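So, here come the structures, one by one.
Each of the next two complexes has chain A plus one other chain: chain B in the first, chain C in the second.
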Partner chain A sequence: MFHWLERNPFFFAVGVFLVIAYAGVVTILPDFMESARPVVGKKPYTVLELAGRQTYIKDSCNACHSQLIRPFKSETDRYGMYSLSGEYAYDRPFLWGSKRTGPDLMRVGNYRTSDWHEYHMMAPTSVVPGSIMPAYKHMFSNTADIETAYAEAYTVKTVFNVPYDKPDMPKLGTLDESKKEVMAQAALIVADMKSQEVKDAFKKGEIKEIVAIIAYLNSLK
Partner chain B sequence: MNWLNDNVVLLTLIAAAAIIILTVGVVGKYMKQMQNDKSGGELAKENWDGIGEYKNPLPIGWALSFLGTIVWGLWYVLAGYPLNSYSQIGEYNEEVKEHSTRFESKFSNPDKATLMGMGEGVFLVQCAPCHGVIGDGINGKAANLTKWGTEEAVVATILNGAKGSNYPMGEMPAGLLDAASAKAVAAFMMQEISSVKKTKNAALVEEGRALWATCSACHGEDGKGMDGSAANISNYGDAKFVVNVLGMGKKGAIGSMPKFNDGRLTNVQKLAVGTYVNSLAK
Partner chain C sequence: MQAKDALNYDYSVAKCFTYATILFGIIGMLIGVVIAYQMAFPELNYLAGEYGTYSRLRPLHTSGVIFGFLLSGIFASWYYIGQRVLKVSMAESKFLMVIGKLHFWIYMIVILTAVVTLFMGVSTSKEYAELEWPLDIAVVVLWVLWGFSIFGLIGIRREKTLYISMWYFIATFLGVAMLYLFNNMEVPTYFVSGVGKWYHSVSMYAGTNDAMVQWWYGHNAVAFVFTVPIIAMIYYFLPKESGQPVFSYKLSLLSFWGLMFVYLWAGGHHLLYSTVPDWVQTMGSIFSVILILPSWGSAINMLLTMKGEWGQLKANPLIKFMVLASTFYMLSTLEGPIQAIKSVNALAHFTDWIPGHVHDGTLGWVGFMLMAALFHMAPRMYKKELYSKKLMEAQFWLQTTGIVMYFTSMWIAGITQGMMWRATDQFGNLAYSFIDTVTVLIPYYSLRATGGLFYLVGFFMFSYNMYKTISAGKAISSEPQNASPMSA
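Entry: the complex of A and B
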């Protein structure tokens, strides 16, 4: 019946491709599309949180901290509800990490607060005896790059249709409007902080990296 | 020849012999076939560099197993996978359910020692990062729990005020009473209102009773907080007070404490933490 296929290697190859591709399409795509949709209530990061996320990537936090809670009782007891694919819908790139030298941070916003992060970044062993995490003092003096964060948000809004400026979603608007939003969000965090250096800089309109990364970590829920 | 008595050795030897005999037989058969047999039948059209292919029917065993695979494939797609598929979440749910059932039956009526042990374990994981391993608040980074629940802590609260629990009555202002009156009212509160039911300054209780109106305006005559308008201080010094704070979180003068109401702690575990925290006060 298929002797003519055996005489035509090219069409044979096309046939093999079609059979395997069909199997892939029916088994992979439906599940993939379903689970990649944002879970209900998931919001994109605000510009300040994105600036913090860039700091997180820049300082390679993901080399030691994962952001993926597996469905095991031992993990959910410690870190909270297991992760779902749809929770990463606005993560570009995702920061699952591949090694836990430190604990998972997927839902750290549920159980740590701004003031704790401030102590911890300045001197990790001051709150966690025996911690091997290095101090991130430079976050208190480096200024967060809000313009780049805005550019990232604007890009994903334009290219990937990320729902900024939709009802109940973070506002983006123009760069100037966005900077006002950023200052308002940063003001709440700075108010919770103790560092005079950070507070003085904020009065001059500068947002330090520590403020941005705390905003990001608090948003992880 | 002791090793010949071993069954496994014997079985291995028999199997080795069988393999040799079969190999010799099969190889011999095909050698003979290659020497003597003449090929025949209808040739297919295609040939590769002079090597052709006969249009022979499928061997029966081959054809049956091929059909069997197709039948199994249909069953697997239509019934096997949808009805019996493994799910990681399903296994997780079963694991959690089994654990919760076991936990509830084992700790349905925990005694003090059990609560203390459990409380210490939970405290070290969930509370120690802020309050410190020994609960001292790590030099003022969080509330000092070795002081909490004592009469001195009540005096300090009256003098310094309290805020951050979002009660409808609002913040408790600092300096409602002077130091001496605060000491007296704390003595009365510890003896008559709180769960501790004893005071170090028994002589001051009556003086404190006269001043109680300052507190009862918000906390109520019985200290129960007037149905949630202000903090219920009648269970001060009791595990329930801690359980309440765990549920609400707090944004006080020192810093923020997150809520522990996302299901990470069971009610028994919360009670255990409360019991353990109470024991920290010296």
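Entry: the complex of A and C
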């Protein structure tokens, strides 16, 4: 049979494809629906948090930080309750990471505050002596892209039925309505911050990336 | 085509991809050395403002070496090996020549655009699949062009039986096509909502499912880019360079079909103790261990091909590169399954042992094989003697030292960090804060970066040797039979 296949490239290719495609179908499909179900009480990200999440991805925070707490005592002691599948139901893409050069951030919102993040992003060693994390000063001058964040929320609501605008769920509405919500959430974070640059920009209606990413990090619980 | 016409194969596309391999090798490895030093000396993060931080550069390093250096090396060897094992020249078909050139130029445009967008921070966050949807579509186009080249050349072949290398090239083409398509399924947000950046997209899968698809892709990108096409190369170049027939046809059959079937199951080992279903994790773990068989099958087949001919190791540095490549392949494919055992993974996952493992495979196996392949191709493509054997010897030892420094330091760093994360005091409380487990690693990070630097310097030596071969090598009148001719 193998000799015959080696003289018939078409059937050889079909054979290879069947052999390699098999495993994906068997491992990924059976639990697909089950794995997609959210845990009770899980809410999708607000538009400001999504803008922060996009900043997190833009600067590849996931290259050094995981968001996955494994069910070991050493991890639950350090980071909190281990992760459940349904907690990730609104994570598109998932951000588990594959390397902990820095600590896990799955529940960082439980034990860090807005002003801690502000100091940390400006100068990591000011709050964590010995830290090898780079400072992210450009987050204080770059403006967050609220429209793209809105576009993402609108898309997942439309295409994947993510429950925005449902009772007890984050409001989305039109772009203008959404911008008002974003400003209201950002105002609370800006009030906790020290940076005059960020405060001045906010008065002019501009939200800096640092505000969005703090909103996102605070939402991780 | 008869043996006397052997010099009439058309290598114009293979040459283009050879230059690309060298160019992207330098860029990708240089960024790798920079980010490695950044971990030891964080001040180095501020050389280029927001574009110079570790986190921005890391996807550039991985994409640069995988899709720049490695992929162009694979294409270069395809445009060289394909014609020879199928006994047909590309020049016999105008269509295939056009396809080949188009393939090269679209590839260059995609990679250069990818470099720019990754610097800008345009990313989907998925490891080794960071490119946004417009570039994904361009990647599909270039892959289809490569498919035309492979199956077009097969269509007009004289040698009816496909040589082992061809099996592996076909598998590379199909495997990457399947993985890339499914992992990059995404919805462009602008076309649904009408606002925001036009190139932004959101993943078709959420959370745990997204992780499953990503690591099915991520692990098998390793299979079909780091392993399968490199085996295609060694099955061609080692017998050619040494003049020895492949040790066993049956072993090559077993290894090929075994590798094809087993590899795809093993992605689950990236997700041990995560929230994916437990049975998927167990399958991933078990199949990873089984994977030793087909992997070692190929490696042993190559080593036994040299049976009774070990004297060639002394005489010919290219044999040395290839034999060490097979040996690193064995090391790496033993280490991987060990890390996939659940209890070992509990310690190793998220630590530096993982990049350590990746690099003994990529630097030792992939890098050495690729450079040996280009060294073997150069005298035949340019009809020149290789420029310097001495330089090649020096490069070999420098890079081997670099690799050993790299993986030993990362083994120690990874196990140290894993042990410190779980260490408790006499009351059962965690013994170390996280930052303690970072600062302790800094000497190992320096050592690793220096190992990487050695490898990079070796790569410059390789590039210089290639450059001098092409520009100033001694001309040869006929196609060398086996051992590549080289000046002292």
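The rule is short, and it goes like this: the second predicted complex is superposed on the first by the 188 of 221 C-alpha atoms of A that agree within 3 Å, B and C clash if a C-alpha of one lies under 4 Å from a C-alpha of the other, contacts with A are read in each partner's own complex, and residues count from 1 in each chain.
Quick note on the criterion: a contact is a pair of C-beta atoms (placed from the backbone, for glycine too) under 8 Å apart; a residue touches a chain by one contact, two chains touch by 3 or more.
Predicted model only: the values in this text are computed from it and were never measured.
*Asks:* After superposition on the shared chain, which partner residues are touched by A:Arg7: those of chain B (first), chain C (second), both, or neither?
*Replies:* In the superposition, A:Arg7 contacts both chain B and chain C.
*Asks:* Is A:Trp116 in contact with chain B, with chain C, with both, or with neither (first, second, both, neither)?
*Replies:* first
*Asks:* Check whether A:Asp192 is in contact with chain B, with chain C, with both or with neither, and answer first, second, both or neither.
*Replies:* first
*Asks:* Could you say whether A:Ala36 touches chain B, chain C, both of them, or neither, answering first, second, both or neither?
*Replies:* second
*Asks:* With both complexes superposed on chain A, which partner does A:Asp145 reach: first (chain B), second (chain C), both or neither?
*Replies:* Only chain C is touched by A:Asp145; chain B is not.
*Asks:* With both complexes superposed on chain A, which partner does A:Pro129 reach: first (chain B), second (chain C), both or neither?
*Replies:* In the superposed model, A:Pro129 contacts both chain B and chain C.
*Asks:* In the three-chain superposition, say which chain, chain B or chain C, touches more residues of chain A.
*Replies:* Comparing chain B with chain C, the partner touching more chain A residues is C.
*Asks:* Per the contact definition in the header, classify A:Pro71: touching chain B only (first), chain C only (second), both, or neither.
*Replies:* Both partners, chain B and chain C.
*Asks:* According to the stated criteria, A:Asp91 is in contact with first (chain B), second (chain C), both, or neither; which is it?
*Replies:* Touch status of A:Asp91: second partner only.
*Asks:* Based on the A-chain superposition described above, do chain B and chain C contact any of the same residues on chain A, and if so which?
*Replies:* 3, 6-7, 71-72, 77-78, 128-129
*Asks:* In their complex, what parts of chain B are in touch with chain A?
*Replies:* Its residues touching chain A are 44-46, 88-89, 91-92, 95-96, 99, 125-126, 129-130, 133, 138, 141, 254-258, 260, 262-264.
*Asks:* Going by the contact rule set out above, which residues of chain A touch chain C in the complex?
*Replies:* 2-3, 6-7, 9, 12-13, 16-17, 19-24, 27-28, 30-32, 34-36, 54, 57-64, 66, 68, 70-72, 74-75, 77-78, 83-85, 87-103, 128-136, 138, 142, 145, 147-152, 154-156, 158-160, 175
*Asks:* Could you pull out which chain A residues touch chain B in their complex?
*Replies:* 3, 6-7, 71-73, 76-78, 80-82, 110-116, 119, 126-129, 192
*Asks:* Quick check: in the complex, which residue numbers of chain C touch chain A?
*Replies:* Residues of chain C touching chain A: 38-39, 42, 45-46, 49-50, 53-56, 58-59, 121-127, 151, 154, 160-162, 167, 170-171, 174-175, 178, 182, 187, 189-190, 192-197, 200, 202-203, 205-214, 216, 253, 257, 260-261, 263-265, 267-268, 270, 273-277, 280, 283-284, 287, 346, 349-352, 354-355, 421-422, 424, 429-430, 434-435, 438-439, 442.
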